[in-house]
Each structure stands twice: as C-alpha cells, then as structure tokens.
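Chains: A, B, C, D, E and F, in written order; residue numbering restarts at 1 for each.
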Amino acid sequence: MLRLAPKEHLRFSQATNFEAVYGGGESNVAVSLANYGVPVDFVTRLPKNDIGQCAMMEMRKRGVGVDKIVYGGERLGIYFLETGAVSRGSKVVYDRAHSAISQIEPGMIDWRSVFKDVAWFHWTGITPAISQGAADACLEAVKIADDMGITISTDLNYRAKLWTYCDEAHREKIMAELTSYCDIVLGNEEDAHKHFGIHPEGLDVHKDGDNLRAEAFLSVCKQMMERFPKAKKVITTLRGSVSASHNTWAGVLYDGEKLHKTTQYQITHIVDRVGGGDSFMGGLIYGLLKYPKDDQNALDFAVAASCLKHTIKGDANLVTAAEVEKLMGGDASGRVAR
Amino acid sequence: MLRLAPKEHLRFSQATNFEAVYGGGESNVAVSLANYGVPVDFVTRLPKNDIGQCAMMEMRKRGVGVDKIVYGGERLGIYFLETGAVSRGSKVVYDRAHSAISQIEPGMIDWRSVFKDVAWFHWTGITPAISQGAADACLEAVKIADDMGITISTDLNYRAKLWTYCDEAHREKIMAELTSYCDIVLGNEEDAHKHFGIHPEGLDVHKDGDNLRAEAFLSVCKQMMERFPKAKKVITTLRGSVSASHNTWAGVLYDGEKLHKTTQYQITHIVDRVGGGDSFMGGLIYGLLKYPKDDQNALDFAVAASCLKHTIKGDANLVTAAEVEKLMGGDASGRVAR
Amino acid sequence: MLRLAPKEHLRFSQATNFEAVYGGGESNVAVSLANYGVPVDFVTRLPKNDIGQCAMMEMRKRGVGVDKIVYGGERLGIYFLETGAVSRGSKVVYDRAHSAISQIEPGMIDWRSVFKDVAWFHWTGITPAISQGAADACLEAVKIADDMGITISTDLNYRAKLWTYCDEAHREKIMAELTSYCDIVLGNEEDAHKHFGIHPEGLDVHKDGDNLRAEAFLSVCKQMMERFPKAKKVITTLRGSVSASHNTWAGVLYDGEKLHKTTQYQITHIVDRVGGGDSFMGGLIYGLLKYPKDDQNALDFAVAASCLKHTIKGDANLVTAAEVEKLMGGDASGRVAR
Amino acid sequence: MLRLAPKEHLRFSQATNFEAVYGGGESNVAVSLANYGVPVDFVTRLPKNDIGQCAMMEMRKRGVGVDKIVYGGERLGIYFLETGAVSRGSKVVYDRAHSAISQIEPGMIDWRSVFKDVAWFHWTGITPAISQGAADACLEAVKIADDMGITISTDLNYRAKLWTYCDEAHREKIMAELTSYCDIVLGNEEDAHKHFGIHPEGLDVHKDGDNLRAEAFLSVCKQMMERFPKAKKVITTLRGSVSASHNTWAGVLYDGEKLHKTTQYQITHIVDRVGGGDSFMGGLIYGLLKYPKDDQNALDFAVAASCLKHTIKGDANLVTAAEVEKLMGGDASGRVAR
Amino acid sequence: MLRLAPKEHLRFSQATNFEAVYGGGESNVAVSLANYGVPVDFVTRLPKNDIGQCAMMEMRKRGVGVDKIVYGGERLGIYFLETGAVSRGSKVVYDRAHSAISQIEPGMIDWRSVFKDVAWFHWTGITPAISQGAADACLEAVKIADDMGITISTDLNYRAKLWTYCDEAHREKIMAELTSYCDIVLGNEEDAHKHFGIHPEGLDVHKDGDNLRAEAFLSVCKQMMERFPKAKKVITTLRGSVSASHNTWAGVLYDGEKLHKTTQYQITHIVDRVGGGDSFMGGLIYGLLKYPKDDQNALDFAVAASCLKHTIKGDANLVTAAEVEKLMGGDASGRVAR
Amino acid sequence: MLRLAPKEHLRFSQATNFEAVYGGGESNVAVSLANYGVPVDFVTRLPKNDIGQCAMMEMRKRGVGVDKIVYGGERLGIYFLETGAVSRGSKVVYDRAHSAISQIEPGMIDWRSVFKDVAWFHWTGITPAISQGAADACLEAVKIADDMGITISTDLNYRAKLWTYCDEAHREKIMAELTSYCDIVLGNEEDAHKHFGIHPEGLDVHKDGDNLRAEAFLSVCKQMMERFPKAKKVITTLRGSVSASHNTWAGVLYDGEKLHKTTQYQITHIVDRVGGGDSFMGGLIYGLLKYPKDDQNALDFAVAASCLKHTIKGDANLVTAAEVEKLMGGDASGRVAR
C-alpha cells in the first residue's frame, strides 16, 4: 500500500503535499525480518504501473526478496494518514478497494514454487478481509504451506471497515478455517470476540490495568487453543493509550502452559504508531527463530522491537537486531551513540 | 480529482512526497470562470470523507459555488503526475476507477433545481467515458438543460484509456447523442475521428504546419456542423510540441461562416501544461459571454488565457481577466509588475 | 493577519523560509463556527492587493462568508511567530501597525445591512486597541447590533503592546462603553484589572491552584456584572504553563448565580498554542447556541474545543463538533480512527 | 528589506510558505562589493527587533560592515514577490511604508564619523522616494560626503509607486539637488524623463533595438551632464524583455567624450531577475575602482556581473570577481567547474 | 559516493540543507543497465557504517546486485554540487580522498569468484586515479577478467584534480596497461591526449563544429587502435556547451572501419547534467549487447539514453529501454503519456 | 565541522536530504559568547573551498571574529547525525578524519599576534585528539597564552573514537601537559578517569542520584587540583538520561573550597541535545566574566544557558543573555512573549 500523510501534525485540509511511504501489514513484517538479517520474500500482487514498481523498489531497498511478486490488476491500495497529538487521535482514510491484491484469485501465485525451501509463512487477517478472491488465495496458500510442513503464523487483525463483501457467519467460517492451520496466533480480545465469538471468562475484577488484561487474555488463549488445536502459542500486545502522544506498551504470550508477560514500556513521545503491531509480529518471528526454547526472550524481543517502532516514521520498523537487544537489555536511556 | 506529483522533475521512484492539488476537467473550467468573476457552480459527486471535503474546500477557496455538490460513493479519483522535461514527456498514472463520480446514476442530482437561473452548462467527454452511470447522468443533465433553454458547451476530450466499459459503437452512440444538444463544441481532429468517424477532406498539402492544421480542421468543422445542427461554433486548440519544455500554442474557431485563427504563442519554459485545454475552455466561455458578437476576441481571450496557464503550477488556471487581457493586447514581455 | 513562522522550533535567525497562515482573533472564531456548521460571516477591512485576497480566500475555503468584507487601506497586518519548547517560550514580533483594519473609520461598513438576519455579533478587545478609528467603528457596530437586538459577545483580550494611541483613562472609557453592550464577556483577571481596575476580593489563600483562581475569578465576575448589568455570563480560561511544551487547561463560567467549572486537561505535547483563547470563544458561542439551557455543557464544549486547538498548527481551530464532543465525552485517549 | 516569495513559480494564493531573503537596493550593492573583496559598510536604520536583527546578520554573513547601522523605528520594510514565467511577469506587492528607514531624520546618523577614511558613497533614488525625512537624511549625507571629498554615485531608480509624499515639482527639486553632488550617475531614459524632464533628441529611427536605445541614451547623457556638471560618467543598462524567462542584457557608459557599449548577453533561463540593476551598480563601482583608467573594462565587468546575477536566487549578487572575469573574458559556456 | 547539492540553483552559501543522492561513475553505469533489465552487479568497497549502508541500499533499490560489495575503510567519498544556470556553470567540490575505495588493495576482492558466469566488466579512469591501491586492484581485476575471456570496457575519464599520488609518466604507464586489456574504449580527445599523448592529425579546418570534432576524433581513434590492438571500438560523446542550461549532444563510434555518427540533440532545458557520460556508457553497453551487429543502433541508443539523462535529477539515469527507444525512434516531442 | 542530519526523526536510510549546520566544540562556545555580546574570535584552520567558506560565513553571521582563521588543508570535517526519540538514541557517524584542522602544525598560526589584547583562551580535548599536529599546535597555543598571562579554560571532552593516532600513555602525557596550563577545567568523572586515571574516592553510596554524583565529583576535583595546581575551578555537568526525549540537567563547580550545585532542570521535550556541553562552557565563561566573585551565579548561568540549548536546533546555542537570565531567575514556564 501507499501511505500518504500530511507532514508533521497538519490536518488533511491544511496539506499541500503528502509524505509518501510504502507499507502494509505483511510487508512491514517482511521489512522487520530483513532488517534483522533473516532471508525473507514478500509475496503479493502489484499493479503493473509506476506506483506498483515504486512499492516493489522500496521492499528491494530494504533487502526483502521481490522476485515472487506477481503483477496485474488495477491499482495499489492507498490510505491517507493524519497524525494526531495529545487528545486528537490520528485519522486514517482508506482508499484500498479494488487494489491489485483485492482482485487476486487462487491459481495466480504458484505457492508450491514460492514455498520451496521456505521455513515460515506469515499472513494477516487483513488479506481475507478485502475480497473473497483474497480469502481464497490465502486459504490456498495456507493449505499448501501446511502440507509442506511450513510453520504458519497469523496476526488476526480484525478491521470492521474492511469486511464488507460477506456477512458475519461467512467471515467467521473463513477466519476459522484459515486459523486452524496456524502454529502461532497473534490477536487480542477483540479479535477473538469478533472473529470467533470468544469472550474472557471468570475475571477477577480486583486486579488492575495490565494485570487484569493479561488475566482476561489467558482465558481467551485457552479457548483459542481448544478451538484451534494446531496453535502452539497465542500472543497479544497490551497497548495503553494515555494520549495520542503517549502510550504504554507490553506483551503477553501463552504457550499452552505458561503466560509470559513483559515489562511495560512508557512511550512518552510517539513519532509514529502505525505499524506497531506489525513490528511486534516481525520481532516475535525473529525472536522465536533466534530463541527457539525461550519464549520469554522471544516475547521480550518482540515488545522491545515494537517499542522502538514508535520512534520511526513510516509503517515499517527500521531497526537492527542489535538496537532491539540493547533496549531488551534494559537500556532505555536513549543516549547518543558516537 | 486529487493530483499527486513528485516535486520538480523527479521521477516517481525518486519521490518521498507528492505535491497535492485538486482538479479535473470541469472543475478547472469552473475555477477559470470564478477567477474572471463569473458566478459559477461546480456540480459533481464527492465521497463523504476528508479527501472529498478537501477537494470541495479548494473549489470554495477559489470562489466556485459548492452547494450543489452531492456526496456519496467510495473514493475521490486520483492521478499521479510525473513532470517531464525536454525530450522526456510527462507521465500520468490514472487511479480514477471506482470514484464517487463514476458511480453516479441518473436521479442523484436534481438538475431542474441545479439549473434554476443558470445560463450556461458545460460538460466534457471525460464524464461519459468513466461509466455508464456517468454517461446516463450526463445525458439527463444535457436534456434538461436543453429543455430549459440553457446554452450547452462541451470539450469532447477523447481519452482512449478511459472508455473501457463499452464498445466503440456504443461509445459513438453516447457521444453523438450528448453532442447533439450542444451549442459550442471544443474538439480536435482526433476527437472528431475517434468519436464520430469524421476525417478531414481535400487537404492542400502544400500548406505548412498550423495553416495546414487549420485547413484540416475547417473540413472537420463543416462535417461536425452537418451532423450536429444545433452546434453554432466548433473550436480547437493547436498545440505544437517542440519538446516537453517548449510548446507552441494557438486556436481556431469556426462559426459556420468564417474560420477565426489566433496568433501563435511560443511557450518556451513550460511550468505545467496539464489543464491547458480546460483553461482554454474556461477562457472561451468567458470570451463568448464578454464579447458576444466578436468571436475573434473571444478566441483570442481563450488562447491567451490558456497560454498563461502553462506558467501556473496545478491543474487550474489561476489568472485574472486583466492578466489575460494584457497578454491578448500583445504584451508578452513578462516584465515585473511593481 | 498574516502569520509568518519559521518551521518547527527554529529561531528567527535560522529561518530561510516562513510558514504562512492567515488568522486573527475574530477570524479564528469565525472559522471555528464554520467548522461546527454555524453560518457565519467575517466582517473586516482588507487591503486591495494579493495578500489581502489570499487572506479572504482562506476564510472562504473554510466556509466563512466573505461577502461583507470591505477593501481598502495599505496593508495586511503581519506577525512573526517563533515557536518555543520546554523552557523557551514562543516569541511574537508584531508588524500590524498601519493595517487596513487599523485605518477603518465609522461609516465604512454598512452595519445595518451586515446585521440583517443576524443573531450574534462577536468582537474582541484587539480591535479597539489598534486605532481610534477601529474603536469608533467597533462602537458603531456594537450600538447598531444592540439596537437590532442581536446577542453581543466579546473577548476582552488586553494586550499592552497594542494600546498605543491613547492614555489609560481613555482606554478604560472606550472599553467600558463597548463592554456595556455585551451579553457574554470572556476575560481573565488581568483583563478586568487592566481594562476596568477590577481586582479579586477576599481570597482564601488556603485553596490551591485552579481552585484559588476560580475563587478569584468569581469575585471578579460579580464586580463585572455590577458594572455591566447587561452581561449575562462572564467566562475565563485557566491556563497553567508547566512549560512551553506542556500546559494545563480548564475554564470557568459565571452565569450570575453559579460558577461552573470544567475538568482540567493536561496538554502534554503542545503543537501550537496560538489561538487557544479564540478557539475557546468559538466553542463557547457554539456551545451556548447548541445547549441554550445548559451552561455547563456549553463551557465543557468550549474547553474541549480549545484543548484540541493546541494540537492544530495555525491560528484557527480546524476541528469538527463531533471531534469536540468525543473529547467532551471523556475520550482523551487519542486512539487512531480507522 | 525582507523579501517574501512563494517557492518556484507558485502564485501568492497557492503559497503555504514564503522563502525569506533580506535585501534592498543599497544593501545589494554592498554585498556585491563585499563579495569582490572591497571593504564596505552598509549604513541604514533597522528596527530593534528580531527581524531587523536577522537582516543585519545576513549582511554580516556576507562580510559587509554593520557597525554603522542605527536602530529604531517600527518595522522592517517587506515586499512580496511572485516569480513569473514566460508571458506571466513577476509581481511585487510592496509593504514598505512606515519602515524604520522611512522614519529616519537628519541627525540620526553621524555622517562625519561614518565617512571617516571612506572613499566612496553610494545612494539610490529609492531612499528619497520613501519619505521627506529619508530625503533630508540622504541630502545631509550627500553634502557631507561632498564636503569630505568622497566620490558619490547614485542609481536614480525612479519608482512611481513610492513617490507619494510630495508632488512632482518637489520631487524634481529633491532629486536635482541630490544628483548635483554626484560623480557617477546610473539611470535610464525613464529616470531622466521622470526625474528631470529630459528627453532624447534627434534620434535616427532607422537604427534598430539596442543601437537606437544607445543613441537615445547618448542624447540623454549630454543633457544630464549639462545640467549636473559634477557628473563625470552617466551609465544605463539595456534590458530587452523577450519574456519573463528570457531577457537580453547590455550596458552603455558615457564619459563625457565617448559612449562605451558592451556585448549583448542572452539570459535564456532566468533564475531571479530582481536586483539586476543593483548588481550592475555593484559591478560598476568595483570596475571603476579596479580599472580606474579603463571605462570599457569597468562597464564590461558591470554587465557581466549583473548577467550572472540573473542566475542567483535572492536580491543580492553572490558571485566572486573571478567568476565575473571569466564571463567578461568571453566564457559563457557554463561548463562544470570540477 | 554521496552527492550533496543545495536545492534548485542555490549557491553553497545559501543552502541550509543538501539534497542527498548516492552515485559514482561505475555505479551509475550499473543502475542504467539494471533499468534496462540487464542483470548486473556493482563491485566496490564501502565503509561499514550507516552512510555506506545507505549507498548500498539505493543500489539494491534499483535492482543492482550488491552481494559482491566488500566492506571496510574509513568513509564514503563525498562531492558537493552547486547547480548553475545560463552563464554560471555548475561547481563541484570534491571530498573523496581517504574513501573506502581509495584504500582498496589487491586481494581484497576475490575477482575469480566475482567474475563467475559474468560476460562483461566495466571500469573507469576514475578508479586508478584515486590511489595506487585502487589502480593495482583495478589492474588485478582487468587481468583476471581478460584471462576469463570477459569483455572489458572502459571510460577513460581523465580528471586532473584526482591524479595526485603519482607523476605523469607513472600515470600514463598505469592507464596504458589497463587500457591494453580493453575491448571497448570510451574517451575524448582530451583523454587520449592527457593519458597517452595522442593528438588529432591532419584536420581539415574548413569543416565546422561537430563535423570537425568527428574528423579529429577519427584520427585519435586510429592512433588509439594502433596502440591498443585489443580495442575493437573507440567511442566519444560530443557535447556542445551553449550555456549551463542548454547543451547539444551527440556521439561518434569508430569500429576500426567506419566512423558512425548520431544525430545531434538540443538539450534546451537541462535538469541535471552530472552523470551524462556514465549514462552514455550504460546505454552503449546495453546497445552493444542488444544490437550486437549494429553499431549504429547501439550508438544511437547510447546517445538517446544520455540525452534523457539530462532531464533526470541525480547522477544515475532512471529511464527504461522503452523510453530510450521512443526517443531513438525520433519522438523528441515530450508529449504527455497518459 | 559540517553537520548533516536527516530532518525530524528520520533514520539515515530514509533521508533524501540532510539539514546542514556548521559547528564544532570551540566554535559553539564562540557563538555562545558572541550572542552574549562578548567580543570573541574563532581561531581554526579551514579548507580553502566553498564549504570552508560557508563555515566561516556562518560564524561571521553570528558576530564571531573570523579574521584570525587560517586556510589550507583538504577538507572540512563532517559528522552525520540521526536524531532519536524516546528509547532510540541519536546516532553520530563521524567523517572528520583528514580535516584541515587535523593537518595543522605548530607555526601555522601566529599565536602571539592572535593573542594580542586577548583576555581568555579556550580549547577542548577534541583538538589534541584528532592528530599529533593538532595536539602540538594546541600546546604551542597554550604555552604562549600562559606566557602572555591569558586565562585558559578547557573542556576535557574525552572521545574514545577520536584518539587513534597514539597509545594511552602518550595520550595521558599530552592531556596532562595541556591541562597543566589551565585555570578553568570542565570535565566529568569519565574524562578524569580516561585522561588522568583519577577515580572518585570514599563514596557514601547511601546518597542518591545527583547528590551521589556531586559527591563523587568532589573527590575527583580535589585530585585534579592536586595534580594541576594552576587550576582554580573544576566543573562538571550532571545529565540524567530519562530517555532520548527527556533529560535532566544540572551542574557542579568546585572552587577549591566549596562545591557549588545548581537546581536540576527537567528537559521534557528535547529539540536537539548536541552541543549541550559546549553551551554550558559558553555560559560558564560568560558567567565567570560577568560575576567574577560569584561562582554560584556563574554556574547557574551556565546551567540555564545549556538547558535552553536543548530547545535549539543545531550545534550552537542561539540565545541571548537576557533569555538565560530569565530562566536563571526561575521562570521556566515558557509563556509566549508578545
């Protein structure tokens, strides 16, 4: 997608130009992984025009493999972003309908060849939300990946505005089938509720804030795992919105036995919070690959990575593993490196 | 429409931001007229979001009436513009499909109320090209305008890339019916050929350049008037592309009796040539209103106005009638006004 | 006025360009009201040159009526703004002397015709401060408005630097006469003291911060109402300057019987605090119109509106009523709207 | 003065920021001389605020002496510049009334001390045009300079819009007295005509363009020298406005015996023509100092210098003597220096 | 290299920021080839810091292979570019000493592995000019490429300012040995003269301009081929500097039998002429690969490609083969592509 | 030095231009002093090219004397700055090797003439760190200054990355000799430890934060004074890094008898922290000159000055003495000055 944003905190009606960055859920994850040195390909469908070409070139610049992208369709999806401050939230105007990816159909991508020598496949709930064809192609991919023994992860990412082509029942059916193939599931209570009708149970309301939310999430995780037995880990982020300029940030991971929690970060001067969840996912995949037996470390990496994302302009998280590890190690002092 | 252009002469793949201006064929004509002091309304359909709102506000800023605009639909059409130089032509990437205006249907606009106390209605060949609904709504408007005795003008504006919803025969049928209601027709040989199969006849090939083209155009005019007896004037612009940075510019008007020609301008340092035709149309309508019995003057105004447009950034022609008249009067010296 | 400001936090001597916005006390109020959907006209005097024209066009862009503006005089007033941070305050250099509005005289504006079908007239203490002519024209307007039964509001807005054409006694006389016609009076202790020699009485110094200031203000209100019996409501804002980047913000309204107070907002990351008072006034007028029998609601709207203003670049408050109401309703979380 | 200009070729109403440069007739000459390595002081009156300070700092940056500047008054003069192209001329909106320099009075500057060890004094016709006080101070300076045996030069620079404080007869009286003290007089036919009622005589109209103008100028020179016997050289520039983007440029100098002419330059891609005359004057003073017995060389330097000015953004001519000499030597090829 | 340039035509002393592009002789050729769809690797040495990383990423963005780059050394070379206009030439300030590439030594790059499956190797005279180590590494590469049967091309590119580490005799020895391995030699009379002491012979001075220069070049070619018998083609560009804004452009190729010439292009509005020679070389290599038996076509492609380069900002030529072929086919009209 | 920084918080790889400011340890101190009205000269060696010229002009703009600068050498040192936020620290990439100043040698500057009528000489530990020649020239200066009875101050400024030309022992020898001539020594525990092997002794670890650090520093001061008996005052800054966006700031001065401490400032919204130490030094020199008998006042001035620096973009502290005194006086409210 092409993101177009007035500079600084200008409102749309004040803008005489838009800053242009290219991004999107899955591509943001891909850029994160490339930055950490993980070989990664981004598979999508782009329009065969200059704008599609620009999007591909930015991926390529970051070291993401672009040879498996297919070309066709009408347009690159666009979203307009107005950056808020304090009590004025940021605002997104979507213009992503009729994009090349929304017009994808099963068979357009040769998944068996794409997945050759691949160990991990990640998809997000955005893709099946945009069209039946995209949902079908996603399912096609997930089934083949499963068949080829590839680890599958998802970010459920419920977005009410996107699910317009079908009714609720059909939506749940699609998401449930897709999720049933996943090993790693990122999602919060709202995702679980909207997609699968799962609610937290038996909460102790005497607990406060993040603890309460962690508790609630544990209940959700258990129900999720019951419903999707292939899932080995269920994870969520815990964002606290003090204001548009100041958020708190933490994460929780349930591995079927234990609920791992992280420290809570104070992000007191947010530069850009869009892509926060994607940067978490990118960090989590890297963490799980790097610390295969240490979920706490993997989760800590994910949270530290996405904490840093809030200081980076644009959708993608342009930090190195070393930078994340420094923060993970407890150094949040932001001293000058010289 | 929203136009997004990399600054200066940057290519798309070099751009990290886009300059944003709002424009479009009919709205450019409207802005021209508002600048000349003519009361004018822009009638269109805009999406009910911030981007549609911005487009409306820019019209309002220029003094164009915006109260007759209707709201609805998915998106504002977009086009991306890369500005060329010398032998590298400018490049346009359209992203205007599925726009609010393309989803218009007859009945959405209450034309009788829109046309109350109105003397002139202008439409362009862009509108019927974008969808059957738009063509139908345009025809609805033209018929009511005709019925209410309003002067009707058109800019035929053939754009091959846009006419995708129907075949050639259907296209000719649509355009012929629409044109049959027009009093004033702006179009060149290509428009006449593509829309109506009209070719210039019996050309004296010993004549050169603009003279030859004027001759050819006369033949076209006569055939046009035969086919569309309501048309009282047929007009074309004569652009010579020396390079992307240097064009020549003139105009020809046939009033059924005489072929009026203008002087040829050398536009040696083009700032922005997009909207050149629209600025000509804006100037022509103003000219015909101001000099009702002097077609030469009206045409001279139109050519001088559009000549100045090439020095203005953006789609619309931001000049006053006084500025046009100064150039019309022969002062092309570009001296500092202080 | 034209406001010229170096970008971001640059000092004047670092700037190679200035960001240009058009604004001013009364016009900021007008833009607020237009944004809330209230039909509003801005009545002023602008110079008949391109810069005056630009100011008018920006008003028109926002939907403010501009047909009652008169043209003439030498120049548009200018002020230069340097935006501070933390312990460095913002800095304003005025260059507003000899402006078109300062050279206005009674008779230049046909107030009876301006006020036709008008329900509310708002003026600020800036206008009588700039010249005897402006004071006279203001008085002319206020008298006619009063005579025509129009609600009159004022923002006393004492600015020592502006009152240069007369002595203190004359200033008090002018302001007292003008204020005597007002129904709604916005002003703080300093305004009351400087303009009318009114001091708070009998304060309980054991109360802290905002409470103490509210108390003090109550005493001021009572004296004000005694002196200006037509005034039905006296209002003030309570700004606490933690630093140039962080202010607290609240408001107090006395209706002759009860002192209404609002919650105190923490504006922790100020984008632009200029125009804060004007946005309060704009919100207050709207609030009083919308909630005619609920002063608390009206005041809450005013404070929430002006709280949001601090996140908007430029003098005017570019927010919708819905956005204000969301904050009024307690949602200061600044979450992304998508 | 502070010059505020929309970027590139934008019209005023399109600008959301203005590029800011500081300049003015005499200061431009001073900067030229400093660039050539001539010790020079700029004597003026600036307002005691940040904007006046910025103007001084830019002079100091260029190496112009600023210690003799006096401070006081209300404001720094401003002018707004819109940069034209091709047939659209640039546009200037003055906002220089009530500037600090316009409120100068004799006695404010201690000229005897300013002129200590000074060899040359330059003034322009702009200064006496802005107010009686400025004219008086200028006369005061000129008389003292004359008394101290300093060479005096002037650029007559007639500007109709500025001479508003007195009638024509008074204007001629002022200018005649001031000019009577000058050794070097730069001015064209219009200056001679408007200021002194001098017309060219007995022209041979069979001569073309620049030759005709040179001829006409010779007649003017002779009359000027008769009227102002102290003048040793009368000089003019010959600008041909092909368009706002393309000018021709040459110069003529009469030394009482011979009319020296220069080659004519084609300035085909003007970057900024404001300050062209000032850069000519700066080059001329340097030329006359460097080539005291070779007026042709001095004139050639002046024309080449001002030719280069048209490629420099801003009012002042930021070129070195070596760069001018390269062009003077015939190398107009504009090859890359690496 | 990192190129830092003030925006538009600003002089260095006016700049408060520099536009940053990454480029350099060989990398510009590599980008050209990647744009034409030729698989290409850029082999160099970059410093292991963020700036070196940025340079690599820009190459990668354009599709140039970056896996063979080695890392080490102190810094990335920089040059500052001031863009001239009309009679003011552009100006380059080099800051490339001590760059990572200048500190390269033979053995640092494993050329046999680099050249695996490679068909063509290109180097320029810039590389041996910067240090003995760079010259040695270049010779090492050339010898191995020759041994592996790879086609070798060079752009002689004499730059007096760079050859500082050795005397003239040593320089000639280095260049002669390097050139002796080349199949394709690009260079002009100055290169031939400075590097090898070769002068044109027996010129017919009655011929004009480009014809005369082509004649002179033929004489040079013959001497070059005699001295470097492996060279199969000698080529030069013919640039005519009308001004910094307007150049003429053509090319000549001698294949040992025939002197091929191209049409002469008028580049009337230069956007950026830096990298013109590199874009010619990139076009020539592509042309020779695509039209292996048609040197005229290859040369025409090279000239058209580099003609377009003058309309592109930055060092590299960001055009497609289709765009070059359109110009080659005679369409220099610069019409809008929509 | 030239500092090149991506705008706002962009990472290097996102930047398409760099904001350019000129600065450096000693020059930042010089600019501070010039801003406070102290006559000051900056003595350095700059390359004789446009970039060196620009650096000089910026000094001159600020009122720093530049006549004692010598010219020669290869290049101006550069550093690239990426501005962090929250937990992402700013990042500096040095490119200062081989700068003109690093190639200085004793004898290049005529110190006796430079020091004529001079009362104070300041040098920093950066200078001897960059090359043996620079260390020698610095020692030459210090000895002559001492001989001429000039007050000498230093900022020890240990930078591990710079000391590359010699081993540790040699470094200590150089710094010890240089420091032995100083009257005023600014440095922290790390400087004392790295340069002279001095450690804090006998700390009471029950004290917290700044108190503990002050205690530790006292021990260091005493040892320093024992080792360098000429030193009359030893000073340090106390920075607390809450995050890259929020620091605390205070200072401590030991005069041989008493340890003076300042209040601690909260710098909650840092604009630019580079140059913080230099601005402290600039403030301290001014403070010691202005309050010769009141070290507490001098120190308070230094801390308030450098506190304000954190709100200023660029290396140098562009504030007036009045602005510092306002903050010193306790007004940190950052109210608008109008």
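Some notes on this structure:
One rule holds in what follows: contacts are C-beta pairs under 8 Å (C-beta built on N, C-alpha and C of every residue); 3 or more make two chains touch, one makes a residue touch a chain.
Not measured: the values here are computed from a predicted model.
When each chain is reduced to the average of its Cα atoms, B sits farthest from chain F. By residue number, over half of the touching pairs seen at D-E are also found at A-F, the match among A-F, B-C or D-F. Annotation, chain A versus chain F: rotation angle of 120 degrees from the Cα superposition, expressed as a multiple of 5.
In the contact between chain C and chain F, the residue numbers used by both copies make up under half of all numbers at that interface. Once the centre of each chain is set as its mean CA position, chain A and chain C turn out to be 45 Å apart. In chain E, the residues touching two or more other chains are 8, 13-14, 16, 57, 61, 91, 269.
Chain C contributes residues 4, 7, 12-13, 15-21, 49-51, 53-54, 57, 74-76, 78, 80, 82, 91, 93, 95, 97-98 to its touches with chain D in the complex.
Within the complex, the chain A residues that touch chain E are 57-58, 60-63.
Chain contact summary for the complex, chain A toward chain F: residues 8, 61, 265, 267-271, 307-308, 310-314, 318-319, 323, 327, 332-338. Those residues of chain E that touch chain D in the complex are listed here as 8-11, 13-14, 84-92, 94, 159, 161, 241-246, 269, 273-274.
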